[in-house]
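Below are structures written as structure tokens.
In the two assemblies presented below, chain A is common to both, partnered first by chain B and then by chain C.
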Partner chain A sequence: MKKRNPILTTLFWILISLLTLFPIYWLFVISVKPAVQLFSTPDLILNNPYWGNYTEVLGNRLVRSYMINSLIISSGNALLCTVLGFFTCYALSRFDFKGKESIFFWTITNRMAPPAVFLLPLFLLMTQVYRIGEFTLLDTRIGMILVYCTFNLPFAIWTLRPTIDGIPKELDEAAYVDGASPWKVISEIVFPLCRPGLAVTLILTWVFAWNEYLLAATLTNFDARTLTTGLSEYVTTTGTEWGIMATISVFTLIPALIVFGLVQKHIVAGLTFGAVKG
Partner chain B sequence: MRSNKLGWILLAPTLLILFFFGVLPFVYVVFVSFHQWNPFAASPEMIFNGADNFRRIVFDSAFLNSLGVTVAFVLFAVISEVIIGYMLAQAFMREFPGKAFFRTIHTLPLIMAPIIVGSVWKLMTTPSIGIIPHYLDKWFGISMNIGTSAPAAFFTIVVMDIWHWTPLVTLTLIAALVSLPRDPFEQAQIDGANKRQIFWHITLPMIAPALIATVFIRLMDALRTVDEVWMLTGGGPGSSTRFLGVHIFKEVFPKTNYGYGSTISVIVLYLTIVVCWLLYVSMLAPRNNRKG
Partner chain C sequence: MANVKIENVVKRYSNVQVMHGVDVDIEDGEFVVLVGPSGCGKSTLLRMLAGLEEISDGTISIGGRVVNDVIPKDRDIAMVFQSYALYPHKTVFDNIGFPLKMAKQPDSVIKEKVTKAAEVLDLDHLLDRYPKQLSGGQRQRVAMGRAIVRDPQVFLFDEPLSNLDAKLRVTMRVEIKELHQRLGTTIVYVTHDQIEAMTMADKIVVMRDGRVEQIGSPLDLYDHPKNVFVAGFIGSPSMNFVHGTIAVKDGKKVFLSDHGLELPVPENNARTNQAVTYGIRPEHIQVGDQGVPMKVVVVEPTGSETQVFAKSGPELIDALVKDRISAKPGSELCYMIDPANVHLFDRETEQRI
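What follows is the complex of A and B.
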């Protein structure tokens, strides 16, 4: 192999990194500019940051309720998916069913369908069919938590399966011989051993739910609107409030960035759905 | 003793949720697609009309246009991502200072919400506040307006998608390249093979399974791109960036034409399945050949 000039290599990677980071930096620049300065010459360097957009967003009751909805829906959904995924994988790993691999494969296919296709049927089912008297699942947090299971639950099952399969069955058997109940085996033997896998699953499902837009935009009107749908409301035909839009984007981005720091190594496996070992 | 009953109890919630929110919608959308149904029209009842909706969709120029735009976008984006991603992956195979750091930065866009990516690129490319049109005009005298120019909007979306998803291709290909044995490469160099021969005859066949899997994932995701486009252009100008997902979103809900909307959904789902199946077969084919 030829020796490359190390300075050129480093310069190349700095350039690539700038291309990656610049759009995010620009988002931040716009969010700390007052509206009157937006249309003057674009400045690359930030001077006199203006925090008015941030105080306005945090003071806005509507945006605050979007944030709370987003938090409740993504946390509820991540917890539900991780717990159910754990139960499912335990059942698939430790019990003998007819066609359990078909069950496994079938759960995965649920994630492959394009969500746009399910917008209309889910909307119709949630308004017309899944109802008790006047109560429908449309525009409720519980409804969104359940709907997000369609993509997050298969993901949780997919990522947890190897973790649970990797725990020796002999551990369970020994506990059963000692007279432990199945619940005790699950909670005191299998669960503690799965903790790292469960943590990654919880975090990644949380981000997927937090980032979701299309289903939330269709299946919520007001009460259960999330931050991502709130963002698109600031883009209107009469004029966009650019600063506010950028600020909400920054707020939506922050949790993802934190999570990115936490589970960076597992991100590829998560996004490729395990098809390529990262 | 443990019985299968406990197993079913553990499975039941998952199966129920996926049945009601994954399977039933699918069955329901197929059912509705054979009906004429617009609850806010003169005749709000659901009327069975056989294959009329399907006959209509074949000649629906708006749908066909959206299909064409989607295919063009998928081809441009996925091919560019694979080429750029492969080159970056090869570059990452060398040792250089700060490699782990640069790789971490390169991974960053992956975790961003598509809607935020759309918003970021909207702030970059909207005329008068965006930095890209400003400098294109100042330095090269090119005027770029994604609000009025169809090619500008289309290629902005392609570039945005490349920015967002090339890191995924890079990382998966790094994983594939790292696991390759060294011997064939050394042998080929001893035999005097040039770089291009090594690529076509050794590297490419060996990373083919990983490459196809990556293309498969990117194709499926690119086919359902909605959020970023919705944020950036809303499908415009005109219908130049109205991808299939955007088309469903824009066409079905405002017009409340649920029967025909279901037909569009069924066709899109069908096309997705066909594309996935073709890819799946092409993924299996090389393996079977090797066996035979």
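What follows is the complex of A and C.
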């Protein structure tokens, strides 16, 4: 095999990384410029950053509440989907019951359809069907947590199934013989071995819920409004506040970057987990 | 310690019956080996003993208690799996101590028992390691440690040596046997390797297609196989089989193969003209200048012994001799067979005559 030139390879990947990171850098550049400078000749190098957008965004009570909503909804949803997905996959992997594979396939097909297809039925469900007196799920955090389950739970089941399938059944059996109860088998053996897969599922479902716009824009008004929908409020009839939008976008990116960085190790392990039985 | 009684055990998977009324009696402290080819049901039977498979019919009792509906953890058994089934995220100490932890034993007791088991198995210097950091033999010993630490009534071994290399297999074989002698606990051991069965067992249960073919001591099975299957399965190299009939020559019974090969037979119940399968173990054939003339096909010297494959017409018969033989393929030699070592089976029923 022909040996590749390491310098060329490194240069190639530096270039690709720059191309990928450039929009993020540019977003940051926009966020630290006052409105008047935005449409002047673009300047690649950052001079005298203007932090006014940041102080305005951080001082804005609405944006803060959007951020809290986003955090609660995406964290709640990711946690719920991961936990439910874990137990569903455990049942699918370890027990034999009629229609097992059909259930698996039927569940993941939910993920195949475009979210817009579910908009009207979900709206009707939230406003008409699931209501107790005056209380409906529309524009509530719990409502949005449940709505995102429509897409994230199938995804969680999809990613966790191979992880649990990859844990030899003999480990469960050995634990049963060693005196473990079914719950102990799950908590002592299966759960710890699933950690990489669970981390991947948690982060990816979290990112989906954090980034989601369409459903949040339609099914929330004020109380459960999320950061992504909050962004659109800065496109007004009098103009678009690019600086503020860019700043909010930076705030949208930060938590995702932090969470991603924290579980990056697990993601790499998780994506290869179960591929080869070790 | 306890005796184990398997009575008329049947196993069905929906409409397919895989176990057809198996009966095995295992005495207290006995080392019993279930042996048979792949798919004979030996592992299924062991798993039924462990409570990992349900029993469709019949009863299994351990220490006089019927355990058909008792869950594995309440059967007072310990099992060593083929793949060892060590918990990869736990250290050797935690692996061995796991059954005690599940039994809610205090930490001091766990430490004491694990340390003792580790000493017995020469694992005391490896207690902090993870399974992936161990060699095959060490993993095997950890799996055994996890079993002995519980001090169960019965040990179940499911092909525990099949993942080890040949040399280590012999070492571990001795270790398991030694462990049995020391602990005296009843052991049920599954293997497809008849050498393992012969060398380790007090009693061998030979199985085929979900049925017990024969139960007996290793030498009993070797000397008096009940049928062609057991005769062919027990012993290495396998017994030679030649099809033919019993004839009379000069007033004496002889065996005449379908292709005209004449071989000596013992005085037994075989009738004249009865269609039989003639069985002779390779190690019971002597090679020399007198006897049945054969043409050498292949000679396999192993140092300690030599295996000779020779033909008479289309019949290929191999002999295993202690001497070193200089015969070349194509050359002629003679097989001497002592009729006392010959096994005759009815050709139709395949049962011993």
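Basically, the second predicted complex is superposed on the first by the 232 of 278 C-alpha atoms of A that agree within 3 Å, B and C clash if a C-alpha of one lies under 4 Å from a C-alpha of the other, contacts with A are read in each partner's own complex, and residues count from 1 in each chain.
Note that in this section a contact is a pair of C-beta atoms (placed from the backbone, for glycine too) under 8 Å apart; a residue touches a chain by one contact, two chains touch by 3 or more.
The model shown is predicted, which means the values in this text are computed figures rather than measured ones.
**Q** Does chain B (first) or chain C (second) touch A:176, or do both, or does neither?
**A** both
**Q** Tell me the contact category for A:214 with respect to chain B and chain C: first, second, both or neither.
**A** A:214: touches chain B, not chain C.
**Q** Thinking of the overlay built on chain A, is A:35 touched by chain B (first), by chain C (second), by both, or by neither?
**A** Neither chain B nor chain C is touched by A:35.
**Q** After the superposition on A, what does A:184 contact: first (chain B), second (chain C), both or neither?
**A** In the superposition, A:184 contacts chain C only.
**Q** In the overlay, answer first, second, both or neither for which of chain B and chain C A:193 touches.
**A** second
**Q** Could you look at A:168 and tell me whether it touches chain B, chain C, both or neither (first, second, both, neither)?
**A** In the superposition, A:168 touches chain C alone.
**Q** May I ask you to decide whether A:95 touches chain B, chain C, both, or neither, giving the answer as first, second, both or neither?
**A** A:95 contacts chain B only, not chain C.
**Q** On the superposed three-chain arrangement, identify whether chain B or chain C touches more chain A residues.
**A** Counted on chain A, the partner with more touching residues turns out to be B.
**Q** Could you give the residue numbers on chain A that contact chain B in one complex and chain C in the other?
**A** Overlap of chain B and chain C footprints on chain A: residues 176, 278.
**Q** Could you pull out which chain A residues touch chain C in their complex?
**A** That would be residues 168, 170-171, 173-181, 184, 188-189, 192-193, 278 of chain A.
**Q** Where on chain A does chain B make contact in their complex?
**A** Residue list for chain A touching chain B: 1, 4, 6, 9-10, 12-13, 16-17, 19-21, 23-24, 26-27, 30, 38-39, 41-42, 44, 84-85, 87-88, 90-92, 94-97, 103, 106-107, 110, 112-125, 129-130, 146-147, 149-150, 153-154, 157, 176, 182, 207, 210-214, 217-218, 228, 231-232, 235, 242, 245-246, 249, 252-253, 256-257, 259-260, 264, 267-268, 271-273, 275-278.
**Q** Where on chain C does chain A make contact in their complex?
**A** Its residues touching chain A are 50-52, 71-73, 77-79, 81-83, 85, 87-89, 98-99, 102-103, 132, 146, 150.
**Q** So in the complex, the part of chain B that touches chain A is made up of which residues?
**A** 2, 4, 6-8, 10-11, 13-15, 17-18, 20-26, 28-29, 32, 88, 91, 94, 96-98, 102, 104-116, 119-124, 126, 128-131, 134, 163, 167-168, 171-172, 175-176, 210, 213-214, 216-217, 220, 223-224, 226-227, 230-231, 234, 244-245, 248-249, 252-253, 258, 261-262, 265-266, 268-269, 272, 276
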